[in-house]
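Order of writing sets the chain letters: A, B, C and D. Residues in each chain are counted from 1.
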Amino acid sequence: MALTKEQIAQRIARELQDGFYVNLGIGIPTLVANYIPAGMNVVLQSENGLLGMGPFPPEGEEDPDLINAGKQTITTIPGSVFFDSAMSFGMIRAGKVDLTVLGAMEVSDQGDIANWKIPGKMVKGMGGAMDLVASARNIIVAMMHTNPKGESKLLPACTLPLTGVRCVKKIVTDLAVVEVTEQGFRLLERAPGVTVEEIKAKTAGKLIAAGEIPEIQC
Amino acid sequence: MNKVVDNADTAIRDIGENATLMLGGFGLCGIPENCIAALVKKGVGGLTCISNNAGVDDFGIGLMLKQKQVKKMISSYVGENAEFERQLLSGELEVELIPQGTLATRCLAAGYGMPAVFTPAGVGTEVAEGKEVRRFNDKDYLLEMAFAADFALVKAWKGDTEGNLVYKETARNFNPLMAMAGRITIAEVEELVPAGMLDPDHIHTPGIYVHRIFQGSKYEKRIEQRTVRARN
Amino acid sequence: MNKVVDNADTAIRDIGENATLMLGGFGLCGIPENCIAALVKKGVGGLTCISNNAGVDDFGIGLMLKQKQVKKMISSYVGENAEFERQLLSGELEVELIPQGTLATRCLAAGYGMPAVFTPAGVGTEVAEGKEVRRFNDKDYLLEMAFAADFALVKAWKGDTEGNLVYKETARNFNPLMAMAGRITIAEVEELVPAGMLDPDHIHTPGIYVHRIFQGSKYEKRIEQRTVRARN
Amino acid sequence: MALTKEQIAQRIARELQDGFYVNLGIGIPTLVANYIPAGMNVVLQSENGLLGMGPFPPEGEEDPDLINAGKQTITTIPGSVFFDSAMSFGMIRAGKVDLTVLGAMEVSDQGDIANWKIPGKMVKGMGGAMDLVASARNIIVAMMHTNPKGESKLLPACTLPLTGVRCVKKIVTDLAVVEVTEQGFRLLERAPGVTVEEIKAKTAGKLIAAGEIPEIQC
C-alpha cells in the first residue's frame, strides 16, 4: 500500500540524527517536523532568518514579525536565533545545514531536480530553492512517485527547467525509498505490499534493484 | 548634519521617475509600509524594484503595482497577487527572477564594497545563462554582480538619531543588507530614540549606512499566512 | 548532541601537529586565552596560525611562539614581541602578511560559502604578486581565496548551550568571522548560560557555526596600550 | 616657520565637514580628533570595529574590551556602534568613510603611497592601511615634508614598497598643503614664512606652484 504524505514524512524523519540542523521545504517536508524522535535535538532552519523554529503559535499569539519561509506565523524555542538573509544563505552555502528536505516535480537518475517552473504557466520564482540545492551536502526529496496523470517523476532526464544539477542524494516517495548513485537510482526500500515490479514500472529513470528489497518501516 | 526627517513624504521627496529602489522585507514581514504609502501618494512611475517579493493585491508593493508605478521587479518569489500576474502576462511589467540567496548576497556585496561574488546557486539552470561560470575546488560557481540602487527603503524596529538600526525577529530578513546597499538609504522605524539609547553591541545596521530616518506611523504589519495551533 | 565541554583541555583535545588554526582577537583584545593556555600546556607543534596579530612576548600567541609551536603566522600586523622577531629573522618562523580587511573578508568568505572574493586592497603592491587582477567598473581588484582552517578558536563574552555567542564591544573584531570559518569551531566564553537566556535578536554568532563551547576561567584580559585622560 | 605636528593636525581638521565619517591613522592623524570644530558632528571610525570613538578613559576606567585600532584604551559616545572586522572593512571598501587621514614614509606625485615596509628592517605588517588606501574616496596624508636625513618624502616615484597606488588626494606637511593632480603635486598653501622656493627645493616630485600661494591658516 502506498504511503500517505504523513508516512513519507515519518520515513524521512528516520534520517534525522541528534544535533542535525535541518531545512524543511514547503509541503510534505514541513510535516517531517512532526516526527522528530523525542529526546533528539534537531534544529530547524528557516531561510528567512531563523534557527530554532518552533510550532505554530496558539491562536491570538500570532506575531507578524515572526514568520517562516512559507510566510506562516510561527514561534521560537529556547536557543533560537535570528539573522539576516545573507547570513542565512551563507550558512546554507557553507554546508552548515546537515539536511535539506524539499519537494520536486521531477528528479533525474543523475540527481538533477526540477521544482520551480512549468513553461507556459505563471512562474512564481525559485525563492531559496536554487541556493539550497546547490549548496546542501545532503538533500532528500519528498514527493509522489508519479504525477496526477500517472507519469513517473523519476526520470532519465528532467523535462522541466532545472532547479539544480546532480544534487539530490535520496528520494522518498509514496512507493519507495531511492538513493541516487553514479549508476542511477538504487532502490533501497519499498512501501508495504508494493512490489519491486510496480516500482520499476513507475520509474522512468534507470533503477537498480539488487537483492532483497525490504519494506519501508515508518 | 541631521538625518532625522519628519515623515515618509519628506524622506522620499527626491525619488524620481525611473529610479531603482531596494525594498526590504520578506513577504509582508518587515516591509517599509510608510515609504510605500508615500510612493503611492506621490505616484512616481517607471520604477525598478529590487525586493524579495512583490506584496499582495492590496498591501506592500502590490499597492504600487496597482497604480502601474513599477516597470520592473527583481525578486526571488512573486505572484501572490492577481494584478501582478495580469501585468506580467500583458507585458506591462518586466520581471527578473533570481535565487533568494543570490539576491541577499548581491546586496551584501554592494554594502561591503565587493564588485561581484561567486555562488553555486543556479549553476546548470537557466539562471546561469550568459553568466560566467568558474570552478573552485571541484565545484562550479556563477559570478554575480553587486547591486546598484539609487535608494534603499528599509524598515527597522528601533532606530536612533544617528541612523543606527535594530530589527525585530524575522522582520530583519533583507533589511540590513539593503540598508547597506543603497546610494541613499531611507529607514523607517517603529520607534525613534535619541543617540545613545540603543546598546552599541546590539545594533544591526550602523548609522554610517543610513542617510535619512523617520518614525513611521500606523503600522498595519499584515500577516500573510495566519497559522495557529490548538491551545493545550 | 551536547556542545558543552568542561574546559579548554577537552575542547582542544584533537588539535594535532601541523594543524591550521584561526585565533580570534585584535591585539590582546578578545583573544581565546584559555585555549591558548591549553595549547601551550599540550605542546602541540608545527601549527599554522591565522590571526590578525601574534601577541606579545608573555601573552597571547606569544606564549606559543616562545615554545616554538608555531610554524607559520598569517597576520596583518605582527612583531610586538622580541621572540617573534628573533624567530622570523632566524628563519624558524614563516610569516605571511596580508591586509587586515582581506584577512577579515577571507574568513567571511569561508563562513558564507564563497570560494573567493574580490578586494581592491593591495592592488599595485607586492601583495598582488601572483594574484589574479580583475577590473570592475574601472577599478582593479585582487581575487583572494576563502580560508580553510581545521579549527577556529574564538572568545565571546556570553554563550549558551546551543553554541550561540554574544561579544562585548571591540572584543568582537575577528571572532564572529573566524567562528564561521573553522571546520571545527571552539568557543570559550566568560559566561555560559542555558539555551533561551540570550535574546535571539542579539546573538552575533548562531550556534550552527559552533561545535564546542566552554566557560573559560581566570581571564586576564591584558591591556596592550593603557591610555587615559586626566579627570576633569 | 614650519608647522608643528599639532598645527598639521589643526590644518587637516579644517577639511572636516559636518556629518563626516572619518578614519584617523596612528601618529599625527590621531591628533586631528582634538581639533574637530565645536558643534560639528564628525564620527570617528576605528577599523577594529567601532563607529563613534570617544576620548581616552579617565584613569581607573580603562576597559580591556574597548580599544581602538592603535590598541589604545578608549571610550564610546552616545550613538556609538560596534561591529566585526568584515563589516568594518566592508563599509571602508564601500566608500562610506568620507575621509581617511594617515601618515606616510613616501608619496609620489601620482598619488602612490608607501608607509608600511622598509626593506632590510623588521616588517610589522600593513594592518588595515592597504584596505584603507585602496578604498577611501578621500585620503589626506599627514607627514613631515622631509625625512630625518633632510630628503624629500614627496617624490616622482616611491622607492619603498607601495601601500597603494594613485590614491592620495592631498598632503599636509610641516611646510605645505599639496594637492595631487593629474599633472603632479600642486602647491595650495605654504607654512607661515616658508617660501615657495624652499618648498620647491624640498619637493623631489613635480611641483606646480601657480599664482599667489597663501599661507596656511590653522
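Convention: a residue touches a chain if its C-beta (ideal position, glycine included) is under 8 Å from a C-beta of that chain, and two chains touch if they have at least 3 such contacts.
Bear in mind that the values here come from a model prediction, so they are computed numbers and not experimental data.
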Pair sharing more residue contacts (C-beta pairs) when A-C is set against C-D: C-D
Far-end chain from chain D, centres as C-alpha averages: A
Rounded Å distance between chain A and chain C, as computed from the means of their C-alpha atoms: 36
Chain centre separation (chain A, chain D; CA means) in Å: 56
Centroid distance [mean C-alpha coordinates] between chain B and chain A, Å: 29
Chain A residues counted as touching two or more neighbouring chains: 76, 82-83, 86, 89-90, 92-93, 135
Residues of chain C touching at least two other chains: 105, 112-114, 119-120, 167-169, 172, 200-201
Complete list of chain pairs which touch one another: A-B, A-C, B-C, B-D, C-D
List of chain C residues in touch with chain B within their complex: 105, 112-120, 136-137, 139, 141, 145, 166-169, 172, 199-202
Chain C to chain D touching residues, read off their complex: 26-30, 52, 75-80, 85, 88-89, 97, 99-105, 107-108, 119-127, 157, 167-177, 204, 221-231
Residues of chain B defined as touching chain D within the complex: 1, 110-114, 160-162, 164, 180, 194-196, 198, 200-201, 203, 206-209
Residue ranges of chain A touching chain C (in the complex, touch as defined): 18-19, 21, 41, 43, 45, 51-52, 76-83, 86-87, 89-97, 135
In the complex, chain D residues that touch chain C: 46-50, 55-74, 76, 82-86, 88-90, 92-93, 112, 122-131, 134-135, 161-166
